[in-house]
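In the two complexes that follow, chain A is the common piece, with chain B as its partner first and chain C second.
Presenting the complex of A and B:
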């Protein structure tokens, strides 16, 4: 296929000086603008009357925006049905993290899975939600959630510990499905 | 072609060309440092070469070798559409090179940056001061012996010299050669600081202007307020870890920066990606381009007091970002492209969503156009403002819509088609006057053309894999990692060691929303890039701003700055 060059079409030169033409030109532009803005206004008013809002803005804390399945919010740890984390503290997410925001101290347990993280901290003030930890994880243990409301009043509160990060596996079903579909080739 | 360039160069300068190299098709020549200026003059003026555009000047620190620093020039010819890399080694003791600013005026800022980051001095440079960092900064951060973790307190002006702030004007800067010292009526010029945070500039940039009444007599553009050490960060992480950082170069069109970086690493490996992956890259990149142009045109309208048009543009951008979100999982940190592939295939129902959202966005674009293009106030402030002669724009290294508005047919998607752009049907809009109005119209037209490209991609996209199946480059598939030993080992090796391209250096240029974004990568065979340099269009496009607004009214600065579309993250890196 071919690409061509085209010249952009500039509008006709504006009339200069205080002639009638200048006034008409300005008045026409003004009316044209008013028609467009009023069309939007009346459409939104009609939507308001019919209680079917057409306004694009989402009134955030009351109404929320539905996230697509691919959306990456904060990373969380998957909690299995027995209440334990699925993580085996292999440290791949720690390696993959570009900002070094993950800290893991591995430990041994008596359970069937013999390793687990004794400490699993994520420094949320450094995390940029890139999702490389999720992509590196060989156990499906750390996934990106849809939670983005992680503001805090102190620096200390932006450090999330293992207990805060655990989310039951039942709540993460759509994301796990997306991982299996998305990263499977 | 590269054969001819290098042979010609060697023929003309047998003693000065120390070596030539054609690694992965990039023509590069190593020069004697004293001869740089002479060779630069020759390659610019020779009719068969005509390298009229300075793309990049940077350096590589080969610590432990002598001579230690290698200064690297990348040149481009807008006439013949070919490239050349010139290199010269300078020793640690006296890292001095002749400046090439007499040949290309655009090398000015590039050399200042190289001086700032590596401490290389350019003799004959008109104004060699730091560009990103402050004068009191100690050391040169991109040298390999400067530790990444080192912190320096931000020392205020004057404090190191033992003088208190009151002794002199705290923000006194030496502006380059004023045209005249006093104004029209014999009064003193007034110095005004615009920025770093100014309501009329959407970006952290400081513009110091000397005013004679309302006329700008003299201007100095100071950047670096968003400098965060992109190159140092990339050099300290694995190749794949730099991908989210490239998102933060041009945060208005992050995917285009991803594409260029991943293509550069793939060129180091010498691999091709599957066709479906290439279509996905084009598709996502064009969505990002639409979003970027909507932001730029909308913000320009805002700063010229057309608030409604701005809201329509942002609504349209929001619709596009919904698509980016559904595809990549993030709006700003899209982190979508991977080395040797993309992170995920199209989600279900993406094509229908894309068609409806783009149709809505184009409708809003039409309304925005009607509000602005006929409007006498908008036109009065845009038409005939910000022009520069074409040859000067090229010598500054200006690219993208700004250069195309001046009528130069330079779009890398057309000049050197990469990915699948040669299979697509689209038009490259060109302006005729080179003023801000043309820049605005070119951007508006490019939105429509990008929408065409997206539609063609959706229609023509072939089935097949989206990643290369080489386990030494791309991470293995998840289902295999969960169940098979071999792939699990691959995954561990890939994450902890990174992909290891063979030693060599490449430069890859792609067309981003503002112009050519080029990545210069040097590999030493390990999993981390030895040198990762981003040549960004905002940097070269902001440089002539001072020249464009000199002699104009102060109010002309606003639309000119807006239409150059300086993105702080990309300019300051």
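Presenting the complex of A and C:
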């Protein structure tokens, strides 16, 4: 079998043993780190003196970053103005979901839209916010929200039911506009 | 035989055959809606148009007889253009109901729209408004907007059931599929119209808004509801059955099945199912372990056989169990020297099309396995009522349904030990001393023999709960307690044993049975005994 040799550039290996080279290598790495630390320290100090601090840390949960519309938090169900869900239980999100976290049991209603989900469960401990459900939905009924604070103390509490997932359509307007543009609807 | 050429492929076909079935049989797919292999030709959908050399226009393949030297093309630009045009016209008034339509996923209109249709609609006019969700019968609903007027269902009610409930009313673009006001679609085969419907216009109430079809897993099986043994496909998901669909077998059921059979799957999903063996202790039935109950049952049977000989035990076999399981049961009874046994079968109404009188799939198979002996069912109950039977082993619910209650009551009181094997806690099981849970047709593999002597295979669709053993395994374990060196229950291996032990089944192999069954060689020679049906 023919072999081919390729030259790969690797970082210089660390010198071995207690030689002078080892000491120099260590001292250089130490200094490099101190330079970075001091650079940030001095910059912040200078800003502090000028009363314009350059602080990157946000005091969560009191302060938060505004999320852009493209941000994908947990999926929620769109609630129409009449209080009902827009979802018709077509099952495309259930099919698209790569982690199988959505469970739907359809049922018939007397409304004009004759079908709705009787049960719509999302197992949030499995959901990875990929947004494929939103992309698959033909009714714009499931969209990704900005909510990511969904930690819970029990496994049972990570199972979200239809009633918990409903969010009024007015609150989701920016995201709905965003996906309409993004998916060329 | 005439020789024709379709898309450069030379095909020999019988004279008089139509072009479309010949093409389909040879793997050339020509799209079609109104043509159905078991119905007459209508030619209304215009989807199967192809180019025939020498013909000035395109012709519909479903109604063009083949002739020698015919040259057919199915993929020319003219054909494709026509298909796109036909699709556009069919879709002009078709509502965009796919997300809520039960047919979505197995809909021919959807499939062909993807394959042959154009991507955009050009119409600006509103779609036709007609009646949706129309209740047209006890088991069917109609959505007139979705109908593409192929008239398959109309021909089905006209030619197969001969009941003429459905019809197309009005003319031209006012044509509407409907029923007459005073005649609902209530025949025994009404759900077949949902099968033949290429779109979601006719839907069965049973499956309406239940599950999207792409979630369903499909397993080939045999309908358990009567002795006709219609070939079916079991559709299952999340370890439960959702529906049963007929599977084409021209020797048994063509492409149809009756509504009663189609709706009998519910007992499989029932929450009342017995899952653990029960044993009577201090007058109460209590759940217990498998090993414990089988040891007790085997001990009781052995004791009764030793004390009173074969007459101390009587057995009623179930026509719902497979041949393999009943073969093991027969082995068990033979080992105990039992001579008093019979098969109890519920009998009901029959018709000329498919439905047979014996309401169990494998009554004939159970008799063929040698489970008939002594004076039959009345003699068993009489002997038990006289106190001659110490242990009565009853499989299945049919004994309770068929026999005289007073006589049966007396028999149950006199019997020392009543062993009942059933899928639910039936009235008979409530009075038993030992109750063994049984499995349904969907939870096991094996073969059924239908009334004409056709051996057909069923495959396991769903898994029984952890730890529950099949009926064959119950018989095998009981037999293992009485004899040495018996292997565990493997249906395919038992099938080979049957082929060797039962003369009528000589030559039976799994391959011979195949997907469509195998006719027993001397099928006509063994009619069902008259006394077996109550």
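Operating definition for what follows: the second predicted complex is superposed on the first by the 132 of 185 C-alpha atoms of A that agree within 3 Å, B and C clash if a C-alpha of one lies under 4 Å from a C-alpha of the other, contacts with A are read in each partner's own complex, and residues count from 1 in each chain.
Heads up, the rule we're going with is that contacts are C-beta pairs under 8 Å (C-beta built on N, C-alpha and C of every residue); 3 or more make two chains touch, one makes a residue touch a chain.
All values derive from a computational prediction rather than experimental measurement.
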- When the two structures are overlaid on chain A, which partner does A:115 contact: first (chain B), second (chain C), both, or neither? second
- Now for A:88: first (chain B), second (chain C), both, or neither, which partner does it touch? second
- Counting only touches as set out at the top, which of chain B and chain C does A:107 meet: first, second, both, neither? second
- Which holds for A:138: it touches chain B only (first), chain C only (second), both, or neither? both
- Message: Quick one: is A:150 in contact with chain B, with chain C, with both, or with neither? Answer first, second, both or neither.
- Response: neither
- Message: After the superposition on A, what does A:7 contact: first (chain B), second (chain C), both or neither?
- Response: first
- Message: One more residue to check, A:71. First (chain B), second (chain C), both or neither?
- Response: first
- Task: Scan A:169 for contacts with chain B and chain C and give back first, second, both or neither.
- Result: neither
- Message: Looking only at chain A, is it chain B or chain C that touches more of its residues?
- Response: B
- First, second, both or neither for A:159, with chain B first and chain C second: neither
- chain A contact set shared between chain B and chain C covers 90, 92, 95, 138-139
- Query: If you look only at chain A, which of its residues touch chain C in the complex?
  - Reply: 88-92, 94-95, 106-108, 113-115, 138-139
- Per the touch rule above, chain C residues touching chain A in the complex are 98-100, 104, 132-133, 208-212, 214-215
- Can you check the complex and tell me which residues of chain A touch chain B? 1-11, 14, 25-26, 28-29, 32-33, 36-37, 56, 67-72, 90, 92, 95-96, 98, 128-132, 135-136, 138-140, 144, 179-185
- Task: Name, in rising order, each residue of chain B that touches chain A in their complex.
- Result: 233, 237, 240-245, 247, 308, 315, 318, 322, 325-330, 333, 335, 341, 343-345, 347, 367, 370-371, 373-376, 379-380, 383, 405, 409, 411, 413-414, 421-433, 437-438, 441-442, 444-445, 465-467, 469, 475, 477-479, 481-482, 488, 491-492, 495-496
